[in-house]
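Below are two complexes that have chain A in common, paired first with chain B and then with chain C.
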Partner chain A sequence: MIDIIIDITLLTFLAITSVAILRMSNLFAIVMLFGVFSLLSAGLFVVMDAPDVAFTEAAVGAGISTVLMLATLALVKRQQKPHYTEETPQTHRPWLPLLVVIVTGSALVYGTWDIPAFGDPDAPAQTHVARYYIDNALQETGVPNIVTAILASYRGFDTLGEVAVIFTAAVAVLLLIGGRRPKSPATSKDKESKIKPNLILRVVAKFLIPLIILFALYVQFHGDFGPGGGFQAGVIFSAAFILYSLVFGLDSAEKIIPANWLRILAALGLLIYAGVGIASLLLGENYLDYTPLGSNQIAGQHLGILLVELGVGITVAAAMLILFFAFAGRGRD
Partner chain B sequence: MDFLIGHYNYWIVIILMMVGLYTVISRGNLIKKIIGLNMFQVSVFLLYISLSTVEGGAAPIITEGVEIYSNPLPHVLILTAIVVGVATTALALALVVRIKESYGTIEEDEIHKLDQSL
Partner chain C sequence: MIIDIASWILLLAGGGLGIVGGIGIHRFPDFYSRLHATGITDTLCAMLILLGLGLQAGWSIAAFKLALIFMFLFFTTPTASHALANAAAHSGLKPKLSSNDSDKQAPHD
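This part shows the complex of A and B:
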């Protein structure tokens, strides 16, 4: 019962936050509220028994994407133009979009009449392939966390594709805004002096960063047994470096991890993943079937999942850092 | 009452989806549009995870003495979708930065005006 109450409260908060985001025009406040929105949805994922997803949403939605949006705001205007003013007549009339949204929404609500109730154990989604995974994942892969088993083994092709998409997005962002802006100098001096070294921030960050990195490694290598895995670990790992560069400056962060290392690492992770698939091909099995990698099925699956998750972690961490450095470096001139 | 509680999740998901869609259609600021798209995206995540929940189920990590687990498959799909989502959002933001650099504005109507005056 308490689950349902928390669930309903969080959902209501989520709806209120979304309407607040719609009505506000200060972009800074909107981005902060969107961070709250993500954190609330991460809480909901915990209530709905999806710790792996909650982990990812908290690290990505409330962490990385907020930082990226703030970095973008630093490059563009902070204030949204008022919705309409006296001299510039409103170009976006509210009635047509409102009509579209209400009609679409009503059609969707009509559709929910046929959806099985929330938490129904006999719903079609629960009775087909999910049963197979829950019953057989531990025997077939030796990994207690079913999510990791599906992610890295049963649906390995899918995950390979997702990692390739992340890699491609990082490459595309580098092409768009990776280079230095060809602009006149002279403004760089007063920018440097704006960020004063804050002693408290520096000391706290120095304490926190090793712990964050340690936690990322734990999430990476304990992902077989508890919630976690390459995606979450990669994001947490990059968060440590983003924190470092926010506190100590972009230049000192780039001294620790040079930009071309990051590019090599992002490609390396994807290569490890694809390479595991090639290895199983060469050993006479199907692509990404890990069985021949070890002496028996469980050992092979275990090694395969470990390597694949490592590849995912490396690519995700490097890609997130590439994205952050691209946005932050653009503003530096 | 049971029907209400059993469908509350889906209705809020639809509300979030529609607020996101409305933000995308009706607001001219490009960053606001991207945030609208992100709200839409999160509502889809919530729909999937709502469908995966089983009454009295535990997180899908095999443990002694636990019989019922929630459905792990949507968790996998959404977990990867979240990380892909941030990568594609970053791509959209990068495009906004480039638009700002060449047009000097990120308001849709002003960009249209500049395009027409060429």
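This part shows the complex of A and C:
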């Protein structure tokens, strides 16, 4: 009962937020509302007993992507261009689009009637492989968190593909806007003396950053037992460095992690992941079958999942930092 | 039993403060007074709810995690409020000192 009330409340807020996003023209407020939208979705996922997904949504959707969009917003105007000005009046009538939307919407609603109820044990999603995972994941991998077992072991190919996508995104951003011109040292010194970081922010950031990194490591290595894993840990890890560069300036952040290291690390994570697969190939099993890595099946699976998650974490953290430095560094020039 | 009652009092007080803070954000006239309203939600409301939840959890790992969240909020939310106010003051936003411009009063301090 209480679940239904929370569901309805969160869904109402989601609808209100999306309408507000559509009607606003201040891009700054829209970015903030996107963060709110992601946080509400994360809440919905928690209510649906999917803490891993909720964790990712909160860390990626509400956390890092808001920061990245703000960094992008620093490069462009804050106000959306008006659609119709007085010189170019509205030319089309709204009736045809409205009709199309109503017909499509009612078709979709009609389609939902045949969807099995939420959590229905006879639903097609529950009757194929899910049953097998729930019955055998603990015995075969020794990992209590089934989500991690599926993500890193049973469906290792998918996750390898996801990590490759993140790596490709970082490479694409680097190719498009990454190559910053080296500045003359005089201008950078000038800027450093001009922006004096606030004392309170500095002290609190110094106190918080180690804790955030510690939490990221906890999420990384506790992912076998509870919600968490490489994706969330990588994002949290990069959030610590983004906080540092926001408070202390981009130049000092780049002194800690040089841009070259980030590029190497982003590739290294993906190589660790793919290398685990190659290792299991060489040991006589299928690609990404971790069983021969250890003395018995459970030890091998455990080691394989640990290494794979580590690769995911390294690539995600490095890719997020590459994206942030690319956008924020662009605004500085 | 006593712990249950105490935790419910804390939870309800925290929820009430959250509502008060929400009303305040809507009703207050300018940025700085709204920040004051969010300050209530951020600090006392969150703290009371966390304390109430901690009493419900008892001596367990969940209570320890709640204590960690408490510490985190204790340090971050005042800093966030400060950063917001500081950024607003830095960008030249002046506090609204009177409800309408016709009867201007002298600022209090």
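In the analysis below, the second predicted complex is superposed on the first by the 305 of 333 C-alpha atoms of A that agree within 3 Å, B and C clash if a C-alpha of one lies under 4 Å from a C-alpha of the other, contacts with A are read in each partner's own complex, and residues count from 1 in each chain.
Operating definition for what follows: a contact is a pair of C-beta atoms (placed from the backbone, for glycine too) under 8 Å apart; a residue touches a chain by one contact, two chains touch by 3 or more.
The shown structure was predicted, so the numbers you read here are calculated from the model rather than taken from an experiment.
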Chain B versus chain C as contact partner of A:S65, first or second or both or neither: first
Which superposed partner A:L208 touches (first chain B, second chain C, both, neither): second
Touching partner for A:Q126 - first (chain B), second (chain C), both, neither: first
Superposed model, chain A: greater residue contact from chain B or chain C: B
Touching partner for A:P94 - first (chain B), second (chain C), both, neither: first
Partner chain in contact with A:A317 - chain B first, chain C second, else both or neither: neither
Partner chain(s) touched by A:I305 [first = chain B, second = chain C, both, neither]: neither
Shared contact residues on chain A - chain B and chain C: none
Sites on chain A touched by chain B in the complex: 4, 7-8, 11-12, 14-15, 18-19, 21-22, 27, 30-31, 34, 37-38, 41, 44-45, 48-53, 56-57, 60-61, 64-65, 68-69, 72-73, 75-77, 80-81, 91-92, 94, 97-98, 100-102, 104-105, 108-109, 112, 115, 117-121, 123, 125-126, 129-130, 133-134, 137-138, 144-147, 150-151, 155, 158-159, 162, 165-166, 169-170, 172-173, 176-177, 181, 225-227, 229, 231-232, 234-235, 316, 319-320, 323, 326-327, 330
Sites on chain A touched by chain C in the complex: 198, 200-201, 204, 207-208, 211
Chain A-touching residues of chain C, taken from the complex the two chains share: 72, 75-76, 79, 82-83, 86
Residues of chain B that touch chain A when the two form their complex: 2-3, 5-12, 14-23, 25-29, 31-32, 34-36, 38-39, 42, 45-46, 49-63, 68-91, 93-98, 100-101, 105-107, 109
